[in-house]
(Lines give C-alpha, C1' and ligand atoms only; values in the text may rest on other atoms or scores of the structure.)
Protein backbone atom coordinates (compact mmCIF):
# COMPACT_ATOMS: atom_id res chain seq x y z
CA UNK A 1 0.00 0.00 0.00
CA UNK A 2 1.25 3.47 -0.88
CA UNK A 3 2.89 5.43 1.91
CA UNK A 4 3.88 9.08 2.09
CA UNK A 5 6.54 10.85 4.13
CA UNK A 6 5.91 14.45 5.14
CA UNK A 7 9.25 15.84 6.27
CA UNK A 8 9.48 19.34 7.70
CA UNK A 9 11.84 21.74 9.38
CA UNK A 10 10.20 24.21 11.72
CA UNK A 11 11.28 26.68 14.37
CA UNK A 12 8.28 28.89 14.94
CA UNK A 13 5.85 26.01 14.51
CA UNK A 14 4.22 27.43 11.36
CA UNK A 15 5.77 24.93 8.95
CA UNK A 16 4.97 22.13 11.38
CA UNK A 17 1.34 23.25 11.45
CA UNK A 18 1.25 23.16 7.67
CA UNK A 19 2.74 19.64 7.76
CA UNK A 20 -0.09 18.36 9.93
CA UNK A 21 -2.74 20.05 7.80
CA UNK A 22 -1.28 18.38 4.73
CA UNK A 23 -1.21 15.11 6.65
CA UNK A 24 -4.93 15.52 7.30
CA UNK A 25 -5.51 15.73 3.54
CA UNK A 26 -3.41 12.64 2.89
CA UNK A 27 -5.39 10.69 5.50
CA UNK A 28 -8.71 11.86 4.05
CA UNK A 29 -7.60 10.32 0.78
CA UNK A 30 -6.93 7.03 2.57
CA UNK A 31 -3.18 6.94 2.11
CA UNK A 32 -0.75 5.98 4.87
CA UNK A 33 1.47 8.82 6.06
CA UNK A 34 4.33 9.53 8.45
CA UNK A 35 4.95 13.15 9.41
CA UNK A 36 8.41 13.79 10.81
CA UNK A 37 10.74 16.57 11.77
CA UNK A 38 13.72 16.40 9.44
CA UNK A 39 16.04 15.71 12.37
CA UNK A 40 14.15 12.45 13.02
CA UNK A 41 14.32 11.20 9.42
CA UNK A 42 16.93 8.52 8.83
CA UNK A 43 18.42 8.57 5.36
CA UNK A 44 17.74 4.87 4.90
CA UNK A 45 14.01 5.39 5.43
CA UNK A 46 13.67 7.36 2.21
CA UNK A 47 13.64 4.23 0.10
CA UNK A 48 10.55 2.98 1.95
CA UNK A 49 8.15 5.72 0.83
CA UNK A 50 6.15 6.12 -2.36
CA UNK A 51 5.65 9.85 -1.97
CA UNK A 52 7.55 12.67 -0.29
CA UNK A 53 6.35 16.11 0.75
CA UNK A 54 9.08 18.39 2.04
CA UNK A 55 8.32 21.58 3.92
CA UNK A 56 10.53 24.39 5.10
CA UNK A 57 10.30 27.93 6.26
CA UNK A 58 11.51 30.34 3.59
CA UNK A 59 15.16 31.02 4.42
CA UNK A 60 16.78 33.40 1.96
CA UNK A 61 14.54 32.23 -0.85
CA UNK A 62 15.18 28.52 -0.42
CA UNK A 63 14.75 25.59 1.94
CA UNK A 64 16.50 25.69 5.33
CA UNK A 65 19.93 24.03 5.33
CA UNK A 66 18.79 20.93 7.31
CA UNK A 67 16.23 20.15 4.56
CA UNK A 68 18.83 20.80 1.86
CA UNK A 69 21.30 18.61 3.74
CA UNK A 70 18.88 15.66 3.70
CA UNK A 71 18.23 16.23 -0.01
CA UNK A 72 22.00 16.37 -0.65
CA UNK A 73 22.57 13.10 1.23
CA UNK A 74 19.68 11.46 -0.61
CA UNK A 75 22.15 11.05 -3.48
CA UNK A 76 22.81 7.68 -1.88
CA UNK A 77 19.53 6.56 -3.46
CA UNK A 78 19.90 8.49 -6.70
CA UNK A 79 17.94 6.72 -9.42
CA UNK A 80 16.08 4.56 -6.91
CA UNK A 81 13.44 7.22 -6.17
CA UNK A 82 12.60 7.65 -9.85
CA UNK A 83 8.85 7.78 -10.55
CA UNK A 84 7.90 8.28 -6.92
CA UNK A 85 5.70 11.26 -6.08
CA UNK A 86 6.97 14.56 -4.68
CA UNK A 87 5.62 17.74 -3.20
CA UNK A 88 6.70 20.87 -1.33
CA UNK A 89 5.39 23.60 0.97
CA UNK A 90 6.76 26.66 2.72
CA UNK A 91 5.88 29.24 5.32
CA UNK A 92 7.33 32.71 5.28
CA UNK A 93 7.18 36.06 7.00
CA UNK A 94 6.18 38.11 3.94
CA UNK A 95 4.30 38.06 0.67
CA UNK A 96 6.99 38.28 -2.01
CA UNK A 97 9.49 37.05 0.53
CA UNK A 98 10.70 33.99 -1.32
CA UNK A 99 8.08 31.36 -0.54
CA UNK A 100 7.45 30.48 -4.19
CA UNK A 101 11.14 30.14 -4.93
CA UNK A 102 11.48 27.91 -1.84
CA UNK A 103 8.71 25.61 -3.02
CA UNK A 104 10.18 25.54 -6.55
CA UNK A 105 13.68 24.82 -5.20
CA UNK A 106 12.39 21.75 -3.38
CA UNK A 107 10.37 20.63 -6.42
CA UNK A 108 13.51 21.00 -8.57
CA UNK A 109 15.40 18.68 -6.21
CA UNK A 110 12.62 16.12 -6.48
CA UNK A 111 12.48 16.39 -10.29
CA UNK A 112 16.23 15.68 -10.33
CA UNK A 113 15.41 12.47 -8.46
CA UNK A 114 13.05 11.70 -11.36
CA UNK A 115 9.96 12.18 -9.26
CA UNK A 116 6.47 13.13 -10.40
CA UNK A 117 5.00 16.37 -8.98
CA UNK A 118 1.67 18.10 -9.39
CA UNK A 119 0.53 21.69 -9.33
CA UNK A 120 -2.92 22.98 -8.51
CA UNK A 121 -5.10 25.21 -10.65
CA UNK A 122 -7.06 26.63 -7.74
CA UNK A 123 -5.05 26.46 -4.53
CA UNK A 124 -1.49 27.67 -4.12
CA UNK A 125 -0.29 26.75 -7.57
CA UNK A 126 3.20 25.32 -6.96
CA UNK A 127 2.57 24.04 -3.44
CA UNK A 128 1.08 25.44 -0.24
CA UNK A 129 2.53 28.64 1.17
CA UNK A 130 1.60 30.44 4.38
CA UNK A 131 2.39 33.93 5.51
CA UNK A 132 3.15 33.50 9.21
CA UNK A 133 0.70 31.20 10.99
CA UNK A 134 -1.45 29.40 8.40
CA UNK A 135 -4.76 31.26 8.01
CA UNK A 136 -8.05 29.82 6.72
CA UNK A 137 -6.95 30.17 3.09
CA UNK A 138 -3.69 28.40 3.78
CA UNK A 139 -5.34 25.68 5.90
CA UNK A 140 -7.70 24.83 3.08
CA UNK A 141 -4.88 24.79 0.55
CA UNK A 142 -2.72 22.53 2.73
CA UNK A 143 -5.49 19.97 3.17
CA UNK A 144 -6.34 20.16 -0.52
CA UNK A 145 -2.68 19.65 -1.47
CA UNK A 146 -2.38 16.65 0.85
CA UNK A 147 -5.35 15.10 -0.93
CA UNK A 148 -3.93 15.83 -4.37
CA UNK A 149 -0.50 14.38 -3.69
CA UNK A 150 -2.03 11.38 -1.93
CA UNK A 151 -4.38 10.68 -4.83
CA UNK A 152 -1.52 10.90 -7.32
CA UNK A 153 0.60 8.58 -5.18
CA UNK A 154 -2.24 6.06 -5.04
CA UNK A 155 -2.73 6.22 -8.80
CA UNK A 156 0.93 5.70 -9.58
CA UNK A 157 2.13 3.48 -6.79
CA UNK A 158 -0.67 1.27 -5.47
CA UNK B 1 -6.99 6.42 -25.59
CA UNK B 2 -4.45 8.90 -24.24
CA UNK B 3 -3.19 11.52 -26.67
CA UNK B 4 -0.30 13.95 -26.36
CA UNK B 5 0.32 17.30 -28.01
CA UNK B 6 3.91 18.35 -28.66
CA UNK B 7 3.84 22.06 -29.40
CA UNK B 8 6.99 23.88 -30.43
CA UNK B 9 8.27 27.20 -31.68
CA UNK B 10 11.36 26.99 -33.82
CA UNK B 11 13.32 29.28 -36.10
CA UNK B 12 16.65 27.56 -36.65
CA UNK B 13 15.03 24.13 -36.71
CA UNK B 14 16.78 22.89 -33.54
CA UNK B 15 13.71 22.99 -31.32
CA UNK B 16 11.66 21.36 -34.10
CA UNK B 17 14.24 18.56 -34.29
CA UNK B 18 13.93 18.03 -30.55
CA UNK B 19 10.13 17.92 -30.92
CA UNK B 20 10.31 15.05 -33.41
CA UNK B 21 12.82 13.14 -31.29
CA UNK B 22 10.47 13.43 -28.33
CA UNK B 23 7.62 12.34 -30.60
CA UNK B 24 9.61 9.23 -31.44
CA UNK B 25 9.79 8.38 -27.75
CA UNK B 26 6.06 8.93 -27.29
CA UNK B 27 5.32 6.62 -30.23
CA UNK B 28 7.69 3.95 -28.89
CA UNK B 29 5.59 3.96 -25.75
CA UNK B 30 2.47 3.39 -27.85
CA UNK B 31 0.76 6.68 -27.11
CA UNK B 32 -0.95 8.77 -29.78
CA UNK B 33 0.75 12.09 -30.50
CA UNK B 34 0.37 15.23 -32.60
CA UNK B 35 3.44 17.41 -33.12
CA UNK B 36 2.66 20.96 -34.18
CA UNK B 37 4.24 24.31 -34.69
CA UNK B 38 2.66 26.68 -32.16
CA UNK B 39 1.25 28.78 -34.99
CA UNK B 40 -0.83 25.80 -36.13
CA UNK B 41 -2.29 25.05 -32.69
CA UNK B 42 -5.85 26.23 -32.21
CA UNK B 43 -6.67 27.22 -28.66
CA UNK B 44 -9.77 25.00 -28.66
CA UNK B 45 -7.69 21.92 -29.38
CA UNK B 46 -5.99 22.08 -26.00
CA UNK B 47 -8.95 20.52 -24.24
CA UNK B 48 -8.64 17.41 -26.45
CA UNK B 49 -5.23 16.26 -25.21
CA UNK B 50 -4.24 14.27 -22.13
CA UNK B 51 -0.64 15.41 -22.17
CA UNK B 52 1.24 18.49 -23.37
CA UNK B 53 4.91 18.94 -24.10
CA UNK B 54 5.91 22.50 -24.95
CA UNK B 55 9.25 23.35 -26.52
CA UNK B 56 10.92 26.63 -27.22
CA UNK B 57 14.30 28.03 -28.00
CA UNK B 58 15.78 29.84 -25.01
CA UNK B 59 14.91 33.49 -25.49
CA UNK B 60 16.19 35.68 -22.69
CA UNK B 61 15.90 32.86 -20.19
CA UNK B 62 12.31 31.94 -20.98
CA UNK B 63 10.01 30.60 -23.67
CA UNK B 64 9.59 32.59 -26.90
CA UNK B 65 6.64 35.00 -26.84
CA UNK B 66 4.46 32.90 -29.21
CA UNK B 67 4.64 29.97 -26.76
CA UNK B 68 3.95 32.28 -23.83
CA UNK B 69 1.05 33.81 -25.75
CA UNK B 70 -0.58 30.40 -26.19
CA UNK B 71 -0.06 29.64 -22.50
CA UNK B 72 -1.57 33.03 -21.59
CA UNK B 73 -4.63 32.40 -23.76
CA UNK B 74 -5.03 28.91 -22.33
CA UNK B 75 -6.63 30.65 -19.34
CA UNK B 76 -9.86 30.01 -21.27
CA UNK B 77 -9.58 26.41 -20.06
CA UNK B 78 -8.22 27.20 -16.60
CA UNK B 79 -9.16 24.40 -14.25
CA UNK B 80 -10.17 22.10 -17.11
CA UNK B 81 -6.60 20.89 -17.72
CA UNK B 82 -6.11 19.92 -14.08
CA UNK B 83 -4.46 16.51 -13.64
CA UNK B 84 -3.35 16.24 -17.24
CA UNK B 85 0.33 15.60 -17.89
CA UNK B 86 2.87 18.26 -18.84
CA UNK B 87 6.43 18.53 -20.07
CA UNK B 88 8.94 21.01 -21.49
CA UNK B 89 12.11 21.22 -23.56
CA UNK B 90 14.42 23.91 -24.87
CA UNK B 91 17.30 24.46 -27.24
CA UNK B 92 19.81 27.22 -26.73
CA UNK B 93 23.02 28.66 -28.08
CA UNK B 94 25.09 28.28 -24.89
CA UNK B 95 25.60 26.20 -21.78
CA UNK B 96 24.48 28.42 -18.91
CA UNK B 97 22.48 30.45 -21.38
CA UNK B 98 19.08 30.07 -19.81
CA UNK B 99 17.86 26.69 -21.04
CA UNK B 100 17.09 25.36 -17.56
CA UNK B 101 15.17 28.48 -16.62
CA UNK B 102 13.22 28.20 -19.89
CA UNK B 103 12.23 24.61 -19.15
CA UNK B 104 11.32 25.52 -15.57
CA UNK B 105 9.26 28.54 -16.73
CA UNK B 106 7.16 26.29 -18.96
CA UNK B 107 6.79 23.68 -16.21
CA UNK B 108 5.65 26.42 -13.82
CA UNK B 109 2.92 27.42 -16.29
CA UNK B 110 1.77 23.82 -16.48
CA UNK B 111 1.82 23.39 -12.69
CA UNK B 112 -0.42 26.47 -12.46
CA UNK B 113 -2.85 24.60 -14.73
CA UNK B 114 -2.75 21.84 -12.10
CA UNK B 115 -0.86 19.46 -14.36
CA UNK B 116 1.41 16.60 -13.37
CA UNK B 117 5.04 16.78 -14.50
CA UNK B 118 8.00 14.42 -14.16
CA UNK B 119 11.74 14.90 -13.91
CA UNK B 120 14.41 12.41 -14.82
CA UNK B 121 17.21 11.12 -12.61
CA UNK B 122 19.52 10.27 -15.48
CA UNK B 123 18.74 12.37 -18.54
CA UNK B 124 18.34 16.13 -18.56
CA UNK B 125 16.77 16.44 -15.16
CA UNK B 126 14.04 19.07 -15.67
CA UNK B 127 13.39 18.35 -19.34
CA UNK B 128 15.52 17.95 -22.48
CA UNK B 129 17.90 20.74 -23.43
CA UNK B 130 20.13 20.99 -26.47
CA UNK B 131 23.03 23.29 -27.17
CA UNK B 132 22.57 24.20 -30.84
CA UNK B 133 21.65 21.21 -33.01
CA UNK B 134 20.75 18.24 -30.79
CA UNK B 135 23.82 16.00 -30.42
CA UNK B 136 23.81 12.29 -29.52
CA UNK B 137 23.41 13.00 -25.82
CA UNK B 138 20.49 15.30 -26.47
CA UNK B 139 18.87 12.92 -28.97
CA UNK B 140 18.91 10.13 -26.44
CA UNK B 141 17.51 12.38 -23.74
CA UNK B 142 14.70 13.63 -26.00
CA UNK B 143 13.59 10.11 -26.90
CA UNK B 144 13.86 9.03 -23.28
CA UNK B 145 11.78 12.01 -22.15
CA UNK B 146 9.11 11.29 -24.76
CA UNK B 147 8.84 7.77 -23.37
CA UNK B 148 8.67 8.96 -19.78
CA UNK B 149 5.95 11.55 -20.37
CA UNK B 150 4.01 9.10 -22.55
CA UNK B 151 4.16 6.38 -19.93
CA UNK B 152 2.99 8.78 -17.23
CA UNK B 153 0.14 9.96 -19.46
CA UNK B 154 -0.92 6.39 -20.08
CA UNK B 155 -0.82 5.57 -16.37
CA UNK B 156 -2.90 8.58 -15.38
CA UNK B 157 -5.23 9.05 -18.32
CA UNK B 158 -5.94 5.75 -20.08
CA UNK C 1 21.62 62.63 -17.05
CA UNK C 2 20.38 59.16 -16.16
CA UNK C 3 16.94 58.23 -17.45
CA UNK C 4 14.73 55.27 -16.59
CA UNK C 5 12.00 53.55 -18.58
CA UNK C 6 9.15 51.95 -16.67
CA UNK C 7 7.39 49.65 -19.12
CA UNK C 8 4.22 47.84 -18.09
CA UNK C 9 1.45 45.67 -19.44
CA UNK C 10 -1.84 46.02 -17.63
CA UNK C 11 -5.42 45.00 -18.19
CA UNK C 12 -7.13 45.45 -14.83
CA UNK C 13 -5.10 48.58 -14.06
CA UNK C 14 -3.30 47.05 -11.07
CA UNK C 15 0.08 46.73 -12.77
CA UNK C 16 -0.32 50.23 -14.20
CA UNK C 17 -0.97 51.54 -10.69
CA UNK C 18 2.21 49.88 -9.50
CA UNK C 19 4.11 51.45 -12.41
CA UNK C 20 3.08 54.96 -11.36
CA UNK C 21 3.91 54.30 -7.71
CA UNK C 22 7.37 53.15 -8.75
CA UNK C 23 7.63 56.24 -10.96
CA UNK C 24 6.91 58.36 -7.89
CA UNK C 25 9.90 56.78 -6.14
CA UNK C 26 12.15 57.36 -9.14
CA UNK C 27 11.13 61.02 -9.25
CA UNK C 28 11.70 61.42 -5.49
CA UNK C 29 15.27 60.30 -6.14
CA UNK C 30 15.63 62.99 -8.79
CA UNK C 31 16.02 60.72 -11.79
CA UNK C 32 14.25 61.29 -15.10
CA UNK C 33 11.64 58.68 -15.96
CA UNK C 34 9.22 57.72 -18.72
CA UNK C 35 6.37 55.38 -17.82
CA UNK C 36 4.80 53.64 -20.79
CA UNK C 37 2.40 50.92 -21.70
CA UNK C 38 4.39 48.22 -23.52
CA UNK C 39 2.33 48.80 -26.66
CA UNK C 40 3.66 52.36 -26.84
CA UNK C 41 7.33 51.41 -26.47
CA UNK C 42 9.29 51.46 -29.71
CA UNK C 43 12.10 48.95 -29.84
CA UNK C 44 14.59 51.63 -30.89
CA UNK C 45 13.92 53.62 -27.73
CA UNK C 46 15.46 50.98 -25.52
CA UNK C 47 18.98 52.11 -26.32
CA UNK C 48 18.18 55.58 -24.93
CA UNK C 49 17.59 54.55 -21.32
CA UNK C 50 20.03 53.90 -18.49
CA UNK C 51 17.62 51.85 -16.45
CA UNK C 52 14.61 49.64 -17.19
CA UNK C 53 11.83 48.49 -14.90
CA UNK C 54 9.43 46.02 -16.47
CA UNK C 55 6.09 45.18 -14.91
CA UNK C 56 3.51 42.60 -15.77
CA UNK C 57 0.55 40.87 -14.26
CA UNK C 58 1.37 37.30 -13.30
CA UNK C 59 0.25 35.16 -16.23
CA UNK C 60 0.91 31.48 -15.68
CA UNK C 61 3.92 32.21 -13.53
CA UNK C 62 5.65 34.56 -15.94
CA UNK C 63 5.37 37.89 -17.70
CA UNK C 64 2.50 38.45 -20.15
CA UNK C 65 3.39 37.63 -23.77
CA UNK C 66 3.53 41.31 -24.90
CA UNK C 67 6.26 41.99 -22.31
CA UNK C 68 8.08 38.80 -23.32
CA UNK C 69 7.73 39.78 -26.97
CA UNK C 70 9.46 43.11 -26.35
CA UNK C 71 12.22 41.35 -24.40
CA UNK C 72 12.62 38.82 -27.24
CA UNK C 73 12.89 41.58 -29.85
CA UNK C 74 15.39 43.47 -27.68
CA UNK C 75 17.95 40.98 -29.00
CA UNK C 76 18.51 43.66 -31.64
CA UNK C 77 20.49 45.52 -28.97
CA UNK C 78 22.08 42.47 -27.37
CA UNK C 79 25.35 43.50 -25.75
CA UNK C 80 24.52 47.19 -26.02
CA UNK C 81 22.46 47.22 -22.81
CA UNK C 82 25.26 45.66 -20.78
CA UNK C 83 25.82 47.37 -17.40
CA UNK C 84 22.57 49.30 -17.49
CA UNK C 85 20.22 48.91 -14.55
CA UNK C 86 17.19 46.63 -14.45
CA UNK C 87 14.17 45.94 -12.30
CA UNK C 88 10.84 44.09 -12.28
CA UNK C 89 7.44 44.07 -10.61
CA UNK C 90 4.23 42.07 -10.84
CA UNK C 91 0.64 42.06 -9.71
CA UNK C 92 -1.30 38.87 -9.25
CA UNK C 93 -4.61 37.50 -8.09
CA UNK C 94 -3.24 35.24 -5.34
CA UNK C 95 -0.48 34.78 -2.81
CA UNK C 96 1.56 31.84 -4.08
CA UNK C 97 0.13 32.45 -7.51
CA UNK C 98 3.36 32.96 -9.38
CA UNK C 99 4.24 36.60 -8.71
CA UNK C 100 7.76 35.82 -7.45
CA UNK C 101 8.51 33.62 -10.45
CA UNK C 102 7.23 36.38 -12.74
CA UNK C 103 9.55 38.95 -11.17
CA UNK C 104 12.45 36.51 -11.32
CA UNK C 105 11.72 35.64 -14.98
CA UNK C 106 11.97 39.32 -15.92
CA UNK C 107 15.13 39.77 -13.85
CA UNK C 108 16.66 36.74 -15.60
CA UNK C 109 16.00 38.35 -18.98
CA UNK C 110 17.70 41.53 -17.80
CA UNK C 111 20.69 39.61 -16.38
CA UNK C 112 21.08 37.96 -19.81
CA UNK C 113 21.36 41.48 -21.23
CA UNK C 114 24.22 41.97 -18.77
CA UNK C 115 22.26 44.39 -16.63
CA UNK C 116 22.71 45.16 -12.95
CA UNK C 117 19.74 44.47 -10.65
CA UNK C 118 19.14 45.00 -6.95
CA UNK C 119 17.06 43.24 -4.32
CA UNK C 120 15.70 44.72 -1.14
CA UNK C 121 16.25 43.44 2.40
CA UNK C 122 13.08 44.94 3.78
CA UNK C 123 10.51 45.44 1.05
CA UNK C 124 9.42 42.80 -1.45
CA UNK C 125 12.77 41.12 -1.80
CA UNK C 126 13.03 40.40 -5.55
CA UNK C 127 10.86 43.28 -6.72
CA UNK C 128 7.45 44.70 -5.82
CA UNK C 129 4.44 42.39 -5.94
CA UNK C 130 0.82 43.21 -5.31
CA UNK C 131 -2.11 40.93 -4.67
CA UNK C 132 -4.94 42.56 -6.65
CA UNK C 133 -5.07 46.33 -6.25
CA UNK C 134 -1.88 47.54 -4.55
CA UNK C 135 -2.56 47.94 -0.80
CA UNK C 136 -0.63 50.17 1.63
CA UNK C 137 2.15 47.62 2.00
CA UNK C 138 2.54 47.29 -1.73
CA UNK C 139 2.34 51.07 -2.31
CA UNK C 140 5.18 51.64 0.10
CA UNK C 141 7.25 48.87 -1.46
CA UNK C 142 6.69 50.22 -4.97
CA UNK C 143 7.83 53.72 -4.04
CA UNK C 144 10.77 52.32 -2.11
CA UNK C 145 11.79 50.16 -5.07
CA UNK C 146 11.57 53.10 -7.46
CA UNK C 147 13.95 55.00 -5.21
CA UNK C 148 16.36 52.08 -4.94
CA UNK C 149 16.56 51.44 -8.68
CA UNK C 150 16.84 55.17 -9.38
CA UNK C 151 19.65 55.60 -6.89
CA UNK C 152 21.54 52.66 -8.36
CA UNK C 153 21.06 54.04 -11.87
CA UNK C 154 22.39 57.41 -10.77
CA UNK C 155 25.41 55.82 -9.12
CA UNK C 156 26.30 53.72 -12.14
CA UNK C 157 25.22 55.87 -15.06
CA UNK C 158 25.39 59.55 -14.19
CA UNK D 1 39.22 50.13 -0.33
CA UNK D 2 36.67 47.66 -1.67
CA UNK D 3 37.17 44.03 -0.73
CA UNK D 4 35.51 40.90 -2.05
CA UNK D 5 34.97 37.50 -0.45
CA UNK D 6 34.87 34.46 -2.72
CA UNK D 7 33.38 31.64 -0.67
CA UNK D 8 33.16 28.14 -2.10
CA UNK D 9 32.28 24.59 -1.20
CA UNK D 10 34.12 21.97 -3.18
CA UNK D 11 34.68 18.23 -3.00
CA UNK D 12 36.05 17.25 -6.40
CA UNK D 13 38.07 20.46 -6.68
CA UNK D 14 36.12 21.80 -9.68
CA UNK D 15 34.28 24.53 -7.78
CA UNK D 16 37.52 25.47 -6.02
CA UNK D 17 39.22 25.81 -9.39
CA UNK D 18 36.46 28.12 -10.55
CA UNK D 19 36.87 30.17 -7.35
CA UNK D 20 40.54 30.82 -8.08
CA UNK D 21 39.84 31.70 -11.71
CA UNK D 22 37.26 34.22 -10.56
CA UNK D 23 39.78 35.50 -8.02
CA UNK D 24 42.22 36.08 -10.87
CA UNK D 25 39.64 38.30 -12.58
CA UNK D 26 39.01 40.26 -9.39
CA UNK D 27 42.74 40.84 -8.94
CA UNK D 28 43.12 41.93 -12.58
CA UNK D 29 40.54 44.61 -11.82
CA UNK D 30 42.63 45.78 -8.87
CA UNK D 31 40.21 44.86 -6.12
CA UNK D 32 41.24 43.14 -2.91
CA UNK D 33 39.95 39.60 -2.50
CA UNK D 34 39.92 36.71 -0.06
CA UNK D 35 39.07 33.26 -1.40
CA UNK D 36 37.96 30.80 1.25
CA UNK D 37 36.45 27.40 1.69
CA UNK D 38 33.05 27.87 3.34
CA UNK D 39 34.22 25.91 6.37
CA UNK D 40 36.86 28.57 7.03
CA UNK D 41 34.48 31.53 6.81
CA UNK D 42 33.46 32.97 10.15
CA UNK D 43 29.98 34.46 10.22
CA UNK D 44 31.28 37.69 11.73
CA UNK D 45 33.59 38.27 8.76
CA UNK D 46 30.68 38.80 6.38
CA UNK D 47 30.16 42.36 7.55
CA UNK D 48 33.73 43.23 6.49
CA UNK D 49 33.32 42.66 2.76
CA UNK D 50 31.89 44.90 0.05
CA UNK D 51 31.22 42.09 -2.38
CA UNK D 52 30.44 38.38 -2.08
CA UNK D 53 30.73 35.64 -4.68
CA UNK D 54 29.42 32.27 -3.55
CA UNK D 55 30.18 29.08 -5.42
CA UNK D 56 28.89 25.57 -5.02
CA UNK D 57 28.70 22.34 -6.91
CA UNK D 58 25.19 21.70 -8.20
CA UNK D 59 23.53 19.49 -5.61
CA UNK D 60 19.97 18.62 -6.50
CA UNK D 61 19.50 21.87 -8.36
CA UNK D 62 20.71 24.14 -5.59
CA UNK D 63 23.74 25.08 -3.49
CA UNK D 64 25.27 22.46 -1.21
CA UNK D 65 23.90 22.52 2.34
CA UNK D 66 27.08 24.06 3.88
CA UNK D 67 26.71 27.10 1.58
CA UNK D 68 23.00 27.30 2.34
CA UNK D 69 23.76 26.99 6.05
CA UNK D 70 26.08 30.01 5.93
CA UNK D 71 23.46 31.98 3.99
CA UNK D 72 20.80 30.97 6.56
CA UNK D 73 23.01 32.10 9.45
CA UNK D 74 23.79 35.37 7.68
CA UNK D 75 20.37 36.50 8.90
CA UNK D 76 22.36 37.84 11.86
CA UNK D 77 23.39 40.69 9.55
CA UNK D 78 20.08 41.03 7.73
CA UNK D 79 19.74 44.58 6.45
CA UNK D 80 23.40 45.33 7.10
CA UNK D 81 24.55 43.84 3.77
CA UNK D 82 22.07 45.95 1.78
CA UNK D 83 23.63 47.53 -1.35
CA UNK D 84 26.73 45.39 -1.27
CA UNK D 85 27.57 43.43 -4.40
CA UNK D 86 26.82 39.74 -4.94
CA UNK D 87 27.63 36.97 -7.38
CA UNK D 88 27.37 33.20 -7.82
CA UNK D 89 28.90 30.29 -9.70
CA UNK D 90 28.44 26.55 -9.92
CA UNK D 91 30.04 23.42 -11.31
CA UNK D 92 28.01 20.38 -12.24
CA UNK D 93 28.27 16.95 -13.78
CA UNK D 94 25.83 17.55 -16.65
CA UNK D 95 24.43 20.13 -19.00
CA UNK D 96 20.81 20.61 -17.93
CA UNK D 97 21.74 19.22 -14.56
CA UNK D 98 20.70 22.14 -12.43
CA UNK D 99 23.66 24.53 -12.63
CA UNK D 100 21.55 27.51 -13.71
CA UNK D 101 19.03 26.94 -10.94
CA UNK D 102 21.92 26.68 -8.46
CA UNK D 103 23.37 30.02 -9.57
CA UNK D 104 19.91 31.62 -9.49
CA UNK D 105 19.18 30.18 -6.01
CA UNK D 106 22.33 31.83 -4.64
CA UNK D 107 21.54 35.12 -6.42
CA UNK D 108 18.04 35.04 -4.92
CA UNK D 109 19.54 34.74 -1.44
CA UNK D 110 21.75 37.72 -2.14
CA UNK D 111 18.86 39.78 -3.55
CA UNK D 112 16.98 39.07 -0.32
CA UNK D 113 19.92 40.64 1.50
CA UNK D 114 19.32 43.68 -0.71
CA UNK D 115 22.50 43.16 -2.68
CA UNK D 116 23.25 44.29 -6.22
CA UNK D 117 24.06 41.58 -8.77
CA UNK D 118 25.04 41.65 -12.43
CA UNK D 119 24.52 39.33 -15.37
CA UNK D 120 26.65 39.08 -18.48
CA UNK D 121 25.52 39.42 -22.07
CA UNK D 122 28.31 37.33 -23.50
CA UNK D 123 29.67 34.90 -20.93
CA UNK D 124 27.57 32.57 -18.79
CA UNK D 125 24.60 34.86 -18.41
CA UNK D 126 23.59 34.38 -14.75
CA UNK D 127 27.03 33.49 -13.42
CA UNK D 128 29.81 31.09 -14.39
CA UNK D 129 28.99 27.40 -14.73
CA UNK D 130 31.31 24.52 -15.52
CA UNK D 131 30.55 21.02 -16.61
CA UNK D 132 33.06 18.92 -14.66
CA UNK D 133 36.56 20.42 -14.65
CA UNK D 134 36.42 24.00 -15.99
CA UNK D 135 37.34 23.95 -19.71
CA UNK D 136 38.70 26.89 -21.74
CA UNK D 137 35.23 28.38 -22.22
CA UNK D 138 34.52 28.17 -18.52
CA UNK D 139 37.96 29.51 -17.53
CA UNK D 140 37.44 32.58 -19.67
CA UNK D 141 33.96 33.12 -18.27
CA UNK D 142 35.16 32.79 -14.67
CA UNK D 143 37.91 35.38 -15.13
CA UNK D 144 35.53 37.66 -17.00
CA UNK D 145 32.94 37.37 -14.23
CA UNK D 146 35.53 38.13 -11.56
CA UNK D 147 36.38 41.32 -13.42
CA UNK D 148 32.74 42.30 -13.84
CA UNK D 149 31.82 41.81 -10.18
CA UNK D 150 35.04 43.54 -9.07
CA UNK D 151 34.39 46.53 -11.30
CA UNK D 152 30.83 46.84 -10.03
CA UNK D 153 32.05 46.61 -6.44
CA UNK D 154 34.59 49.34 -7.06
CA UNK D 155 31.98 51.58 -8.66
CA UNK D 156 29.49 51.19 -5.83
CA UNK D 157 31.69 50.81 -2.79
CA UNK D 158 34.99 52.58 -3.23
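To keep things simple, chains are lettered A, B, C and D as they appear, and every chain counts its residues starting from 1.
Basically, contacts are C-beta pairs under 8 Å (C-beta built on N, C-alpha and C of every residue); 3 or more make two chains touch, one makes a residue touch a chain.
These figures come from a predicted structure and were not determined experimentally.
Of all residue numbers used at the contact between chain A and chain D, over half are used by both chains, marking a mostly same-residue interface. Greatest centre-to-centre distance from chain D is found for B, with centres as Cα means.
Measuring from the averaged C-alpha position of chain A to that of chain C gives a distance of 32 Å. The distance from the centre of chain B to the centre of chain C, with each centre set as the mean of the Cα atoms, comes to 29 Å. Per-chain Cα centroids separate chain C from chain D by 25 Å. Among all residues of chain A, those that touch two or more other chains are 61, 97-98, 101, 104, 108, 111-113, 125-126. Those residues of chain C that touch chain A in the complex are listed here as 61, 94-101, 103-104, 124-129, 131, 137, 141. The part of chain C that touches chain B in the complex is made up of residues 59-66, 68-69, 71-72, 74-75, 97-98, 101, 105, 108-109, 111-113. Residues of chain A that touch chain B in their complex: 78-79, 81-83, 104, 108, 110-122, 125-126, 152, 155-156.
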